[in-house]
Amino acid sequence: MLEAFEIIPNLPVLVVTVPLIGGVLTIAMGRGKGPWAWATLITGLVFYFTVLLMQQVLAAKTGYISYELGNWPRQWGIEYRVDALNAFILLTVAGVSFVTTLYAQKSVEKEIPQDRHNFFYAVWVLAVCGLLGITVTGDAFNVYVLLEISSLTVYALIAMGKDLNRQALTASLRYLILGSVGASFILLGIGYLLMVTGTLNMEDMHDRLAALPDAVHNRTVLVAFALLLVGLGMKMALFPLHMWLPKAYTYAPSAVSALLSATATKVGIYMAFRFLFTIFGVGFSFVAMPAHVVLSVAACAGILVTGVTAVRQTNLKRMLAYSSVGQLGYIVAGFALANVHGVAGSVIHIFNHAVMKGGLFMAAGAIMYRLGRCDLRSIRGLGKRMPLTMAAFVAGGLGLVGFPLTAGFISKWYLVQGALEAPHMWPVAAVVLVGSLLAVAYTWRVVEAAYFQEPEGESALVTEAPLSMVAPMWILIGASVYFGVSATFTGEISMRAAKSLLGGAP
Amino acid sequence: MTGALGIYNYWIYVLLMMIGLYGVIAKPNLIKQAIALGLFQTGIFLYYISMAVIDGGTAPVWTTILDGAQKFEGPYDNPLPHVLILTAIVVSVSVLAVALALIINIKRTYGTIEYDEIEAMDQADKRADYQRSQVVDAADDLEQRLEGHHHA
Amino acid sequence: MNAVVLIDTLLLLLVTVTAVAIIEVRSLYASAILTGIYSLLMALVWVNMHSMDVSFTEAAVGGGISTILLIGTLVHVGRDEKPIKKRLHVPALVFTALTGAALIYGTLDMPRFGDPAAPIHHYRVPEMMAQTVGFVNGTPGKQKPPEGFDVERYRRFDGRITGPIPDDPKDTAWRENSALRLEGLMVPQVHAAHEPHAEPGHHLHPPDDFNGHVPNSVTSLLAAYRGYDTMFETTVIFTAGVSLILLLRRPRREGYLQSGAVMSDQVILRVVSKLSIPFILIFGFYVITHGELGPGGGFQGGVVLATAFILYALIFGRAALYRVVPPPVSDILTGVGVLIYSGTGAVCMLLGGKFLDYSMLNRELPGDGESLGMTLVEYGVGITVSMVMLTIFNQLAEERST
Amino acid sequence: MIHLDVSPPLLAIYIPLLGALLISLAGRWPNLRELVTLLTAGALLWVVAGMAPAVLAPDFWASFARAPALKIAEVLPGVWLELKVEPLGMLFALIAGGLWILNSVYSIGYMRGNHENNQTRFYVCFALAIASVMGLAFAGNLFTLFVFYEALTLTTYPLVAHKGTAEAIRSARTYLGILVVTSVCFLLAGIIGTYVFTGGDMTFRPGGVFTRALADGSLTAPAFGILFILYMYGIGKAALMPVHRWLPAAMVAPTPVSALLHAVAVVKAGVFTVLKVIVYVFGPAVLVRYGVGSWLIYVAGATILIASCIALFQDNLKRRLAYSTVSQLSYVIIAAALLSPLSITAAALHIAAHAFGKITLFFAAGSIYTAAHKTEISQLDGIGRRMPITMAAFTIGSLSMIGLPPTAGFVSKWYLLQATWETDAPFVLVVVILSTLLNAAYFLPIVYRAFFVAEPKHDVIPHLSSADGEFGDDTDPQHSHHGHAPHVVGPHGEAPWPIVVALSCTAAATIAFFFYSDLAIGLATQLRSGLP
C-alpha cells in the first residue's frame, strides 16, 4: 500500500500531522526517559521535514507550495500554502523546538513530577504541532483552530510551573483569559471578513477584498481590521497588550519558557503578517489604514518602556521576559515600515530572536537547575562556577544588544536601513538604536554580577550544568553567532519573504 | 427591512458579548470570570449562526436526496458557519475545563478564588522577594561606604 | 418580519436577561445553574435558526457537560462570590460600551439578516455543496468544479436572481430590479445525478455522488471539506483532557480509588439508571453513526456516551466506574480517538492520495470511500470526546474526595 | 559565506586570537602563560613589520586601487567583512604591535608586583583587545571598522572592571556606557546612513564614497553635514568633549591597561578612526568643498584647552595623565580638521609620536604605584632620588608632551605648525601655543617636585590613602608568594626590573623617534600622496 506514497509532495501536511500523531502517542511511552526520547524523535523528524520543505519552496518556480487537504479544491476545502515566509518560520519553530526538547530532559526531570512526564511531553509536542499548523495553513479559520490548540497546550505547560511557584497558576489563568479574549476577537474578525467575502481561504479573501469597491470605507471591513489587530496584538504580546507575558514566562518551567519565548509569540507575529499583508494587503493595511502609525508607535513605546522595566528586574527570567516584549517591538516596528528592508529585518529578527532568546532562557534554566533560583544575587561569581552557561548568557545578551557579529546586529542593520529608507520614519531608527542601549543596560547587570562580584552562599559550590543542557544551549547560541557572522542565507530568505509579502505594494 | 432593522439581530450578539466582557473585567471572582468568558464566546457563536440564516430557509439537511425526489424544497440555511461554530463550541468547553482545573489548583494553593486577594498575595510575594535582594544590595553599599570612610 | 425573526426576538430577550442574571447573581451555584438554562435557551435559538447540529451540541455541552463541570468545581472552591461594595464597575462598563459600539459600527455595512444575496450565501457555498466525488480523468478525485456544472446558475439561486450581483454588500438597489423569489433555492442538481451514465469526468456520477450519501451537509462540511479542522477540534478536546490530568491528577501512589458518595442504596435511582444506561449508550452510538443523515455526529454522540458513564459513577460510585473503565484504559482511549481520525487521514495519504482524501479508501466507488472515511472519523471523535469527558469528570471528582 | 585564509593582515588578527586561547589554556602556570604572551607579541610584530615594505613602495597606490580586498565573511548579502592594508592602518598597527611587547614585559612586573587577581583573564582580554586593534587597523570597509571598533570596546571592558570593586564596576559602566551609546546611536546610524545613501558602498577609498551621491543630489549638503557630525561624535573613543568622560573613568584599570589601551590602543583607535573616516569616507577635498567640517576645528581646540585646564587641577597622577590624553587626542583631530594634505600627515604622525611619550608617562606612574604605593602628585616630593630611572623617563615623556626637542612630540608638532601656516589658521596656532604653555604648567611641577623638593621625613611607610580605594586593596599578605618582587613596606627603591626595563625602552624610543622617524614619516607621507 505504500508504493503510491511519497514524502516530498506531502511535506506540508507531514509537518503538522507527524507531531499530532506523535504527540498523542507520547502518552503511551511509559515512564522514565521514554516520553522525552519519543518527543525528541518526533521534533527531530519534524525539523528534518521543515528543512526538506524549505528546499522545496526555494526550488518551486511559483515561489510557493500549495497542498489541498482531502483533495478538496482550495476555495472549498482547506489549503496549506507554504512560501518563503512560512517555510522560514516553520524551520525556525521546528528547529528551536527540537533543540529545546533535547534540552528539556534534565530540567523537566527536576521540575515536573515523574509520574506525568508522558502527559507533559504529549502536551509539549502538541504545542509544537499547533504552532506549526498555524504557520503552514492558508485558511483563516484553520488558523483559529490551531491557535486554540497551541494556546490550550501553552496554558497547561505554563501552569506546570506550579510546583516551583504558585504564581505559575495565576499567570496561566491570566493568560488563559486574555488569550481567549484575544482569540475570540480574532474569531470575530474572521467572521466579519467571512460575511463580506464569503470565503475563508486567505488568497481568496484577499482577492475578494481587493475586488470590493471602496473597501476602505466599508465599515465591516474596518472593524474586522481593528478586531484582528487587537486580537493578534494580544496573542503576540504587542505593547501595551503584553500584560500576560512577563509573569507567564517567569513562572513557567524553564524548558517551557525557552520553548515559548522562541516560538509562541513568533507565530503570533507570523499571523499578523498573514492577516495584514496577505489578506488585507499592503495597500489597505499601510496606505489606506494607519496601521503603520499605530503599530510603530506601539512597538517603539514597547521597546522603550519594557527596556526600562527590564533594567529594573532582579529575576533573570523576568528580565528576559520583558526583554522579549521589547524585542517583539523590533519585529513589529520592522513590518510597520512596510518596505522591503523593514519587513526583511522583521522576518530575520523572528529567526534571530528565537535563536537568541531560546538560548538565553536555556541558560537561565540551567542556573535554575543548579541553584533553584536565578536572580541577580544568586548568580554572583557564577562566571567561574558555570563558565559555559554564563558565557552563553553573555553571548546571547550581546545578541540582544545587537553587537556586531551577532545575529541581533543583522536584524538591527536591516531595521535601521528600512527606517531610513521609509519617509518620515527615522524616529523608528532612533528607537531601535536606543533600545539596544537599554539591552546593554540589562545585560550588563548580569555580566557585572557573574564576573565581577564574589559568590556567596551555596552558589560558591555549584558546578557547571550537565552537558545535556549546555550542549543544546550552545547550539542555539552558536547559531546566533554563526548567523551573525554569515547572514547570507537568512538575509536572502527574508528578503525573498519580504518581497513576496509586499508583492503588490505601490 | 433594509435599514437598521435588518441588522438588529447582529446587535444582540454584541449585547451578549459585552455582558460577558463586562463580567470578565468587572468580576473579581475567578469562576465568574470563567463563566463570563463563556458568555462572551457564545455571543460570537450567535453572530456566526445569524450569518448563516437565509430568508425562508430551512435546516441544511437535504431530505430530498434521500427520497430521490426532484422537487425543490425551500432554500437551505448556510451550513458553513454551523460547522465553524461546532468547532468553536468544542474549543470553548475545552478552555472552560482547563480554566476550572486552574481555578481548583489556585484554590488549593492560595485558599481563595477572588482575583484581588490573589493579586495582593502575589504582590506581597514579589515585594518580599525584591526586598530580600534589595537588603543585600543595601548591605553591600553600606559595607563599601564604611570601607571608604575607613580609608579616609 | 417572519416567524424566525419573531421567535428569535423573544428568545434572545430571554437569553439576554439570563446572561445579565448569570453575571450579577451572587451565588455561584445559581450562576452555574443559570448557565445551564442559558445554554438550553441558546439551543432553542439555534433550532430557530435551523442549526440543528449546533443546537444539539449546545444542549449537550452547555446544558450538560459545562454545568456538571461548573458544579463539580464549585464543590471545591466554595459556593458564594465575595460581596463587592460597588455593584457597578464603571471603567468596565465604559470599556465594554465602547467596544460594543465599535462592533455595532462594524455591522452597519453588513448585508441585512437573512439576505440571500449576502456573499456568504452565493459566493463559495453553493459551489461547495455541488461538489461531487467521482472520477477525474479516470482516477478518483474531486471535480473542481465538475464539468457540466453551471456555477453561475447556483450563484443565482437557479436563475432566480437576474442582473448583475454586486460585490459591495451595501449596494441593495439591484435587488429591487431582480426577479428574486425566495422559494426553491440552493438545491444541488440532483436531477443531473439521475441521468444515465456518461463517461467519467463529464457528468456527475450517480452511484458515487458524495452528497447523495450525506444528506446532512453540516456533517459533510465538518468531516470532509473541513475535516482537517475537525481533526484538530478533536485534538483540542484531547489536549483539554490531558491538561486536566496534568493539573489535577493525584500522584499515582495515592491510588485512584477514593470512596465517593454512593447512591446505589436508593432503589429507584438504581433501577432507573440501570434501565436507562443501555439506552443512553445505544442512543450515543446512534448519534455518532447517523451524523451523516441527520443532526448529530461524533461530538454530540460522544457527549451522550459520556453522560451514561457519569450517571453510572454518580449512582454506583466511582469505584464501580473504575472497574468498568479503569483510568489507564480511558487515558489510552482518549488518544485512540484522535489516532483513528488522524490515522484515517494518514491511510488516505499512504494510499497515494492527499491527507484525509477519503475517496482513496474505495477506489472503485469513491463516494462510498468518502462515506466510510466520514464514519470512521466520526467514531474517532466520539471515542475521544466521551473518554475525555469521563476523564475530566473523574479528575474533578477525585479532587473532591481529598 | 566564510572564507578562511592566512594572508598577513589576517594573521595579524589570528595570532593574538590564538595567543588568547593558549594563554587561557596555560592559565595554571604563570610563567608559561607570560612566555606565551611575549611570544605572541613578538610573532605579531614580526608579521606586521613584514607588511610595511609593500606599503612604503612607490607604486603602492596604483596597486591599491587594483588589489581586491581580503574577504573574510559575507555577513549580509553584499556586505563583507574584509581587510585591506593602507598606510594609516599600517602605522597604527606597527605602533600597537610594537608597544604590546614592551607593555607585556611591564605587565609581568606590575601584575605580579601588585598581586592582582584574575591575571589569566587579564592577559586573555589583553590579547583579544590587540586582535581587535589589528582588525581595526586593517579594516577594508566601514562595516569591518565598526565590527572591530565595538569588539575593542567589549574586550577592554573586563580590563577596566578588572578589580571588581564597586568603584571599578562603576567606572567600567561609565566607560562602556559612553562608548556604546556614542557608537550605537551615532556611529552606527552614520554607517547605515552611508550605506543607504551610497547604495551599499562602504569601501574605504581615498577621496571618499559620497561623490556620486552628492553629485546626483540624492544626498543634500545638510544631510551630509549631519552624517559628518554623527561620525565625529559617534567615535567616542576619540574623546572629543563632551564625550570624553569615559577616559578618566577608565583610569581605574591596572596601569598596564591604562598605558597600552588608554594611551595607545583604545584612544588611538578613536583618532585613527576619525582620521580614516575623514580621509577615506568623506575625503578632505569634498569636506572642504561643502564646508561642513570647520566646526570640528573649534570643538577640538576647545577640547584641547579645557582638558589642559582640568589637568592642571588634578592631584591624582593618572587622572592628570588622562586629561592630558584628552587634550593630546584633540591635537590629532584638530590637525585632521584642517583638511590639508600636510595637516593629515601631521595628524598621522601625532598618533605615533604621542603614543611613545604617553606610554612612558603611564609606565612611570605605575612604577611609582608599585614601588611606593603612591598615586597623588602631592606625595611625590623627592621621589626622584629613590626612583631615578623612573623619574628620568617621566621627564622625557613630559618633554614629549610639551613638544620640546629632542623628543617625539616635537616632530609632530612641527608638522602641525607647518600645516597651520599653510592653511592660514590663526585659531589653531593660538590653541597650539596656549596648550604648549599649559602642558608645561602641569607637567614640569611634577618633575620639579620629584627631583628638587626634599622627601618628607615621616613618609616612609605607605599607608592606604583614600585614593588607594580607587585602585583596590591588594595588600593582602597571603598573596605575596605570587609575586617574585617582595612587597614594599619600608623605604623603597626602584620598581621590579621588568617595569624598569619597559619604561626605559619606551623613554629611549621617545627620543629615538626624534632622530629616526623615517618609517613613521614615510607612512604618513604615503598617506598624503594617496589623496586625490
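Which chain is which? They are A, B, C and D, in the order written, and residues in each are numbered from 1.
Please note the rule applied: a contact is a pair of C-beta atoms (placed from the backbone, for glycine too) under 8 Å apart; a residue touches a chain by one contact, two chains touch by 3 or more.
Which chain is which protein? Per UniProt: A, D = Monovalent cation/H+ antiporter subunit D family protein; B = Cation:proton antiporter subunit C; C = Na(+)/H(+) antiporter subunit B.
What you are looking at is a predicted structure, and each value in this text was computed from that prediction instead of being measured.
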Q: Give me the ID of the chain with the smallest distance between its Cα centroid and the all-protein Cα centroid.
A: A
Q | Chain pair bearing the highest count of C-beta contacts | A | B-C
Q: Go ahead and note the Å separation of the Cα centroids belonging to subunit A and subunit D.
A: 44
Q | Euclidean distance of C-alpha centroids - subunit C vs subunit D, Å | A | 75
Q) Distance from the CA centroid of subunit B to that of subunit C, rounded to the nearest Å? A) 20
Q) Roughly how far is subunit B from subunit D, going centre to centre by Cα mean, in whole Å? A) 62
Q) Of all residues in subunit B, which are in touch with two or more distinct other chains? A) 17, 21, 51, 80-81, 84, 87, 91, 94-95, 98, 102-103, 105
Q) Touching two or more other chains, which residues of subunit D qualify? A) none
(Q) Give me the residue numbers in subunit C that touch at least two other chains, ranges are fine. (A) 103, 107-108, 110, 118, 120-121, 125, 128, 226, 229, 233, 236, 239-240, 243, 247
Q | Contact footprint of subunit C on subunit B as seen in their complex | A | 1-2, 6-12, 14-23, 25-29, 31-32, 35-36, 38-39, 42, 45-46, 49-66, 68, 70, 72-87, 89-91, 93-98, 100-105, 107-108, 113-114, 117
Q.
Quick check: in the complex, which residue numbers of subunit A touch subunit B?
A. 141, 144-145, 148, 152, 155-156, 159, 162, 166-167, 169-170, 172-173, 176-177, 180-181, 184, 187-188, 191, 194-195, 200, 314-315, 375-377
Q.
Under the stated contact criterion, what part of subunit A meets subunit D in this complex?
A. 398, 401-405, 410, 412-414, 416-417, 420-421, 429-430, 433-434, 436-437, 440, 444, 448, 451-454, 484-488, 491-492, 495
Q: Within their complex, state which residues of subunit B touch subunit A.
A: 17, 21, 24, 30, 33-34, 37, 40-41, 44, 47-48, 51, 80-81, 84, 87-88, 91, 94-95, 98-99, 102-103, 105-106, 109-110, 118-119, 122, 125, 129-130, 133, 136-137
Q: Within their complex, state which residues of subunit C touch subunit B.
A: 1-2, 4-5, 8, 12, 15-16, 19-20, 22-23, 28, 31-32, 35, 38, 42, 45-46, 49-54, 57-58, 61-62, 65-66, 69-70, 72-74, 76-78, 81-82, 84, 89, 91-93, 95-97, 99-100, 103-104, 107-108, 110, 112-116, 118, 120-121, 125, 128-129, 157-158, 172, 182-188, 190-191, 194, 211-212, 215-218, 221-222, 226, 229-230, 233, 236-237, 239-240, 243-244, 247-248, 293-295, 299, 392, 395-396, 399
